[in-house]
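Have a look at these structures, which come just after this line.
Below, subunit A partners subunit B and then partners subunit C, in two separate complexes.
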Partner chain A sequence: MVFYILRRLLFLPLALFGVSLLVFTMIGFLSPYQRLATFINNPERLKGENVDKLISQYGLDDPIFIQYLRWLKNVFRGNLGWSYVGKGPVFEVILERFPYTLELTIFSVIPIIFLGISLGVISALHHNRVVDHALRIFAVVGWSFPDFVFGLMVLMVFYSALGWFPPGNLSIWAETVVKSPVFRHITGMLTFDALLNGRLDIFWDALRHLLGPIFTLTYVELAFILRITRSSMLEVLQRDYVRTARAKGLSEKVVINKHARRNALIPVATVSGQTVVGLLAGTVIVETIFNRTGLGSFMALAAQQLDYASIMGGTLFFGLILILGNLCVDVSYAFIDPRVRLE
Partner chain B sequence: MLQKNLLEVRDLRVYFYSDEKRELKAVDGVSFSVGKGETLALVGESGCGKSVTSMAILRLVDSKGKITGGEVIFDGQNLLLLPESRMREIRGKDIAMIFQEPASALNPVYTIGEQILEAIMLHQKLSPSRAKEVALEMLRLVGIPEPEKRLNEYPHELSGGMKQRAMIAMALSCRPQLLIADEPTTSLDVTIQAQILELIRELQKKLGMALILITHDLGIVADMAERVVVMYAGKVVEEGNRFEIFKNPFHPYTVGLLRSIPRLDVERKKLDTIPGVVPEPSSFPVGCRFRGRCNFETGECVQEPPRTSLSNTHAVYCHHWEKVRDSNAEVLKECRAQ
Partner chain C sequence: MKRETRRLLKKFFSNFSACLGFVLLVFFFIVAVGAPYIAPPKSARDPYMMPIVTWSSNPLPPSPEHPFGVAGKRDIFYGVVWGTRTAFRIGIIVTVVSTLIGLAVGSIAGYFGKLVDEILMRITDIFMAIPFLVAAIVLATILGAGLDKVIIALIVFSWMYSARLVRGNILQVKEEQFVMAARALGVSDFMIILRHVLPNSIFPVLIQASMRMGSLVITAAALSFLGIGAPQGYADWGALLNYARNWMMGSQGEALRYWYMTVFPGVAMVLFVLAWNLVGDALRDVFDPRLRM
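And then the complex of A and B:
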């Protein structure tokens, strides 16, 4: 198992190299002039022969692979470049923004997985009866909603009409407290830091701001887990070992909760792992709609502004998360399913 | 007579309801009995209702099926009338079951030990350490080498034969009075088959339990069973002790089954087969259900065939059993002549 993990980790740089190459090639499609524009904040300087001078000064007319190697050299020195959007070194900006996204993921994954699994099991046990149909319609609707549509609806109802879930990360009063020197930043995640600082009022305020996005992500993603659990459970309930368990004289509760569910959850674990990884790297839309600071909204902004140092850095970071996340999922199989051997 | 029988199934009916609300009479008026310590074979082609019958005894027919009539008297009480909680106490304790595919009948995510211990702890009030001793004892009894090690292994780490042995150990761990073995060797290699059957026979003697052996393999029946019930399309067509069934089969279906086994002592160019297939439960013919495939069919066969008792143990459900008897005698004469 350790050997398997090490071998997978050895491939990590290779995969990241591939990711960076891909992104850099895409950036290479832009002309030197277009890319120069991203370096310059004062339009006055983009005039006449100044442009060509600047292009050669930044080496933007060099062959693309030379530019790539130059970028790579910097990466190895730990320098991902300067983020114009984040107004700081890319690496620092990512580290600062990531906890917000992580926080949202943690809070969303709990209801997604628990509700998804329990509703899926309930649905399977009521196969083709009213409860099952109702849950399936509920799931299909959630599954079919694009998150930006559902997010906007949540915003409309729960913020605009009811005023319950405000957008953003914090209220203004809380923000001043958080930015003051007395508030210690330990995890970078607002709710946890508020608890560690003993500020329940700030915890509640941060949580309130999280509810909208959590609600949106839960409904949209829950459907997936529910459907997988349902079909997996239905399949498992037909298996011979469920019959064996019944023939042993076990109660229906034990048969379902012990013998059937444990087996039914094997495919669900895969999907759940992918959901977590997907959320970490894919809250772009929800963060943008709810106007939250986070890695997703940062990346969206960087892409709009053609901040290519941020795009490259962010993409590498997402790549890293994806690869490590998938590794975790694969390793977890070995614990869930005794038939899986990692070699 | 009634006292002697451990299990008596009377006029059992299990109907399945398909989506179009049609009744499928998978088991239709089946009766038989098993005495204490006796071996009864339930024989028939796939789809004849033998497995459904056995599941109905334990009241484990799946949700689309319903036991619509009859009685299952076990040890003096009608199992079909017991509350579910009482029924659960009987399952696995008094009546245990082993299945065709040991590979899929054992839960892949729990160890052999966990699965055997579960049955022991459920039905016998034993301390965990004592229960473990019982489990080890059972594994030794069924001839699994290194039982301590096997206890912690998962089903996929055992071979097919070993899995079936573990399954038997699990089924017998509470010393049931009746074991229902549903095609216990069908999925195993021939050599392993013989070992498993030998093991079942040995344990049956040792524990004094009755056995219902469900099979389509007449070789196994000849080897193991004292009494035989032949089923076709959800009904019993003939029953008798082993000698009666093998020597004097009076139902055309039984005769067909017997003719379709290869034999070394009779020279034949081609193996006999029964023409056609078992009809779907939705299109069982009225009257004798074998009539579409039968050489002896006459107009009379649309009537329900009567039960004819030929001895204390031998009974046949056929309008033309006498003609079958005569034809058997002719075949025998021909064989002797050759």
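And then the complex of A and C:
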């Protein structure tokens, strides 16, 4: 077990090195002037005739591997350049926005996994009956819905027609409270900060603004978990130990809850981990549509405005998160399913 | 073989959702091929550019002249019809090229194993370490505007999935006796891969490719929805939905006034992706009895 984790940890720096190389290769497609923007922390210095001098000063015409090492050194110092979109150093902007994305992910994962598993179990228990077919259609349609199409429809119906799920992060009155010095920022996540400050009204307001994105992500992402749960449950229900449990005369409830479902959930745990990691990255569209602050909308905005420093820094950060996330997922399998350890 | 083909076809078409997906695909294919007749371009210029039909930027509701309405000064019907072509073009080019790259990388890694395998698979991991949408956004932004740039960006970050699948399959097939027999006869490595190993592991790759079509088209449309990639006015479902964003809130007392801006391109996209998913699902059921439920 320890050996397994250690082996995975050994690969971590290698993977990070690879991602940095990939990101740098992409930077290589940019002209020296565009690349300059990924180095300089102060926008004033990028004006006028300074530029040519700066290009040679920063060695942007040096051999590529020297440039790479220099860039890497800057990255390690947390110097990722200046973000026009975020109006600050890229590194700080990312750290400030990441909690918003994390918050949305945490709140979306709960209904996705809970509903996905329960509907999947229901579907399996009604195999090939009306409920099963209805749920399969529900799932495959959700699976086929692009998140921006569904998000736009949610906005149209639930916000502009019904007035339920407002876009943005907070209402104006709550925004003023949050920005005032009285409000302490601890986690950077609005709902948790509101609770820690003892402001239930702000907590409720922040949660209300999260409902639209949560609803959208839930429907679009639910199908995956539902399908895996269903097929895994169907497989487990045919196993000998389930038949034994039935033969022993155990009640159907005990057979399903204790014998079948627990074993059926092992592959679901695998997929759930991937869903969490995917959600963290998949918020680009949803945050943009619902006009929320976050890493995803930051990336979209930076790409639209050709803010190269932000794009590169954001990509590197996403890569880091994904690699660490996948590592956690893999290690947790080893805990859940003892068979993984033996491989 | 012929009997087997007929059996598989029969099995495929006895599945209702497979038929539905197939019919939808045929419908979209007819729309794409017949685009010049269904929505004739007004001028001799690039037919993929949606012509400007009005000078006011306000959307117009469906009318006999513009059956799906007008968004961003452009006819939605024209955009949806020609957007079908764009969707097929992106989906097919990206799927074919990325699957071929995946086949090459996967078979080399799987067949030669050891160090080659280790290196190629770590490279694959690295490409997979950046989320697909983010990676596509970044590369498309760096390469600049144009549909070809979007296609390149999507290819660069989507070959890994088939590479992994092919490698896994080849590791299995490699141990079979007919491969050992071929090797004993002195057949070259290249020929063994091409003639003996690949044909025996090709179906899962094709099925996976058809299931990936949907997500590829979604990602491409997401890029143009964000205003990255395809130039302004290019016939693309994502671009049409982008026009709808500013009019989402409707108007006083009429919240759903601009429904047509979202619904027509949105429904086209959902049905297109649904068709590929249904067909891919059915193919998987037909060819892989282990996954059948």
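Basically, the second predicted complex is superposed on the first by the 303 of 343 C-alpha atoms of A that agree within 3 Å, B and C clash if a C-alpha of one lies under 4 Å from a C-alpha of the other, contacts with A are read in each partner's own complex, and residues count from 1 in each chain.
Here is the rule we go by: a contact is a pair of C-beta atoms (placed from the backbone, for glycine too) under 8 Å apart; a residue touches a chain by one contact, two chains touch by 3 or more.
Keep in mind that what you see is a predicted model, and the values were worked out from it rather than measured.
Colleague: So, A:L322: does it touch subunit B (first), subunit C (second), both, or neither?
Modeller: The answer is second: A:L322 touches subunit C but not subunit B.
Colleague: Which partner does A:F215 contact after superposing on A: first (subunit B), second (subunit C), both, neither?
Modeller: A:F215: touches no partner chain.
Colleague: With the two structures laid over each other on chain A, which partner does A:V19 touch: subunit B (first), subunit C (second), both, or neither?
Modeller: In the superposition, A:V19 contacts subunit C only.
Colleague: According to the stated criteria, A:F98 is in contact with first (subunit B), second (subunit C), both, or neither; which is it?
Modeller: A:F98 sits against neither subunit B nor subunit C.
Colleague: May I ask you to name which of subunit B and subunit C touches more residues of subunit A?
Modeller: Ranking subunit B and subunit C by residues of subunit A touched puts C first.
Colleague: Scan A:A161 for contacts with subunit B and subunit C and give back first, second, both or neither.
Modeller: Second partner only.
Colleague: Check the residue A:R243 against both partner chains and state whether it touches subunit B (first), subunit C (second), both, or neither.
Modeller: first
Colleague: Looking at A:I289 after the superposition, I want to know if it touches subunit B, subunit C, both of them or none. Which is it: first, second, both, neither?
Modeller: second
Colleague: In their shared complex, at which residues does subunit C touch subunit A?
Modeller: Listed in rising order, the residues of subunit C that touch subunit A are 17, 122-123, 125-127, 129-131, 133-135, 137-143, 214, 218, 221-222, 225-228, 238, 241, 244-245, 248-250, 255-256, 259, 262, 266, 269-270, 273-274, 277-278, 281, 291, 293.
Colleague: Using the touch definition from the top, list the residues of subunit A that touch subunit C in their complex.
Modeller: 14-15, 18-19, 21-22, 26-27, 29-30, 127, 140-141, 143-149, 152-153, 155-157, 159-161, 230-231, 234, 278, 281-282, 284-285, 288-289, 299-300, 303-304, 306, 308, 311-312, 314-315, 318-319, 322-323
Colleague: Report the residues of subunit B in contact with subunit A in the complex, numbered from low to high.
Modeller: Touch list, subunit B to subunit A: 55, 58, 60, 88-93, 96-97, 99, 101, 104-111, 118-119, 122-123, 154, 156, 167, 170.
Colleague: Flag every residue of subunit A that touches subunit B in the complex, lowest number first.
Modeller: 239-241, 243-251, 259, 262-263, 266, 336-339
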